[in-house]
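Two complexes come next, and they have one chain in common, chain A, joined by chain B in the first and chain C in the second.
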Partner chain A sequence: MKNSNLLTTLAVIVVITTLLTLIVTVNKIGMTGKATDTATANFTINSAASISFITNVVNWGSGSVDEIPTAAYLYTNGTVVDGTWNSVSQGLTLQNDGNVNVTVSLTSSKAAADFVGGTNPEFKWLVSENESNSCSSGLNPTSWTAVSTGSTTICSNMSYDDSKDALDIDLMVKVPEDAIGTKGCVITATGTAI
Partner chain B sequence: MDNEKVIVALLLIAILLSVVTLAITLSADVQKKNAESVNPADLVGVESADVQLNVLPNPAKGGSS
Partner chain C sequence: MKKLVVILLFLILIQNLSALRVIPAKTEINFKSNLEKDFIYTVNHLNPNTHFDLYAKGDLVQYVTLDKESLTGGGSFIAHLKLPEEIEIPGKHIIYIGIREKVDEELLEAPVGTAVAIQSVIIINVPYPGKYVETQFSANDANIGEPVIFKLFIQSRGDEDVTVSPRIDVFSDKGDMINSISFNDRNLGKDEKLELQKTLNTANFNSGTYYAIASVNYGDKISEKNVSFRIGELSLKILNTSKLIKVGGIRKFTVQVESSWNNKIEGAYAKIVIYNKSGELANFKTVPIELEAWEKKDIIGFFDASDFEPGNYSDIVTLFYFGGSAGKSSVKFDSVRFIKERIINPYMILSLVLGILLIINVFLLIKNERKKK
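Now for the complex of A and B:
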């Protein structure tokens, strides 16, 4: 008799559970009899990380260190100190032209010794916003810092909004008088979607 | 004996309800769509720039720097 009661209880539970399942299913899916119907238009916008250098060349041309000093200093703010190189008033400008915010890192193919050569050369960079609020996470570096061949994260959250999607990368080179020859290096920016 | 009949009746009801639930679920126009696969290449952008200069000897220093 006890077993019979237990079975009855279990059966009641099963029925209740099944009934609840039915109710939930009907609620989720909906029942027929509705006077309206719906149509669905589907489309997908894919995320795409894309960055580009609006200004992709810094070329000081040919020049020499002045007679008295032992080194010249070249800046991308238009300043050339103790040298005869062309004035360059525009650094590199990097734009986020994708549709997703990105983390931006820079690498250089060469550091100062390989790029410039000579005695105690310097090759430095600093980053600033070309358009206000382009980098909500803060920039790095914001003061002259030696260029590295390793990866340097300059902005952890660069906006893709057209009104605020550009960063400036200014460069400085100290050219020792004994660094004769043609110099060149490649700076690579990588933007990773976040 | 009465309990047995009740149990059998309840189980039959449970089976019937399960079948109805299954039928509704199967007949519903429900589609499970896999998430769009994202091409990893779309998540990374790479761009390069050149920095150049030419260092000449200063003639005033005898042309040899």
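Now for the complex of A and C:
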């Protein structure tokens, strides 16, 4: 019973103190002549198209074709056949960073002959989903296909949803034994808003 | 002669991360004679030194001029649109405003890499002569008893006002009409749009796939769109089970399942019994898994196949699963064949190779002797 009384007294003190504080505050800021203002907050969310290569390096280093075969094969799945290059276990990964779905196409600055050189070189790519359902329209190509300097649509509808917005582009190069020199090319991904 | 060593350096890399962002991604306008409009584009990139080429393409590109040809690191530019008095072809015309990362030609001879480009789109809707309506239609998946919401978007694309009479017909996957939903007639002015919504009560529906056709009648024309949607129930279908297993050792048993539920299914596991005439030989449980709505997945369990002999066995797969507070189970009776594991004998292979080599050797010796003679 004593405890109950003590709590009631404390509660009353707290309420009175709060009321006094409120009165002092109102007195300070004044109430007379105050009109009601209405503020409207407006904002617009712009549509933004954005893509990036989150994995943008494929580096097999330097190497040579083995003694017996006439060519070596370099893949971005960690395989190097008949050659002394470093293995590369990851291809390029493209991500949709925007807030709209995009159509994605690829072009290469060089095809096999210019990129690799030598007799019967090959330069191929294939596309897969890094995150499931990143491309609702279906991917192309899904098997090793010669890289083209023309535009290749790899996905007509790439999602921007964070959990499903990444595609992998794997590469394969056949290096003939008579190819030599430092090689390079640029792969360009174009994202078109849909 | 010793083969020449061919040295080749392959590098596909980029000077920096290539995140390119363009705002706005798309803009849509309705055609107006001699319309002039500026579209301001903002370009962001992580590297302030990256150069970009700007370009425009598309079937109305002759009516667009860009105030800049290139940008460095980002910034903004204006695409000025000046439409003609008339465009003959009605419908959707798209102009692409492109921002392409510029490749340094000198780098092409050295390690080179990736680049990105973005194409923002300007959609120009040229009205069709007379009355013309475009529709968009959507429906959501649901569980039995939950509402399926149909959303119907109607846009007048003609140069005349139009009265539309929309209707939605719902069909089973066998093509039987189940329900018909009507809307009030509505008037749409030129370029005017309308979004309508109706709810389908699914209390008396069975689970399965359905489709709906939205028909928008206007004058003597009709615009139709169809969608499919699924009505689910808490159910896991067993699609397939392991059919061929090797005897001996610890072996894997796979149960492929598919959810017919529009929510997550939790704690799904299978109890598997394998038996024959002589009795039960294995009785085990799989690891529990979770399935997202309508997901197809494998449930995997392991068992000791040491006591099995090659031959046919029967199996009983009982699935247990939970959706929300409800738990269910289902059973499938099937058969599985156990086969003997083929072990490759290395001595046999070695003997074969030695035999072949011996034959070749004898053949060469005989040939050599004949030559000498």
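Just so it is clear, the second predicted complex is superposed on the first by the 153 of 194 C-alpha atoms of A that agree within 3 Å, B and C clash if a C-alpha of one lies under 4 Å from a C-alpha of the other, contacts with A are read in each partner's own complex, and residues count from 1 in each chain.
The criterion applied here is as follows: a contact is a pair of C-beta atoms (placed from the backbone, for glycine too) under 8 Å apart; a residue touches a chain by one contact, two chains touch by 3 or more.
Since the model is a prediction, treat every value here as computed from it, not as a measurement.
Once chain A of one complex is fitted onto chain A of the other, the partner contacts of A:A111 are absent, as it touches neither chain B nor chain C. Look at A:N59: by the touch rule set out above, it reaches both chain B and chain C. After overlaying the two complexes on the shared chain, residue contacts for A:G184 are found with chain B and with chain C alike.
Taking chain A as the reference, the larger set of touched residues comes from B, when chain B and chain C are compared. By the touch criterion defined above, A:I51 lies against chain B and chain C together after alignment on the C-alpha atoms of chain A. The interface of chain A with chain B overlaps its interface with chain C at residues 46-53, 56-65, 67, 74, 85, 92, 98, 100, 116, 118, 171, 173, 175, 177-193. Within the complex, the chain A residues that touch chain C are 46-54, 56-65, 67, 74, 85, 92, 97-100, 109, 116, 118, 171, 173, 175, 177-194.
Of all residues in chain C, only 2-14, 17-26, 44, 96, 98, 100-101, 103, 107-121 touch chain A in the complex they form. Chain contact summary for the complex, chain A toward chain B: residues 4-5, 7-8, 11-12, 14-15, 18-19, 21-22, 25-26, 29, 44, 46-53, 55-67, 74, 85, 92, 94, 98, 100, 102, 115-116, 118, 171, 173, 175, 177-193. By the touch criterion stated above, chain B contacts chain A in their complex at residues 3-4, 6-7, 10-11, 13-14, 17-18, 20-21, 24-25, 28, 30, 36, 38-39, 42-61, 65.
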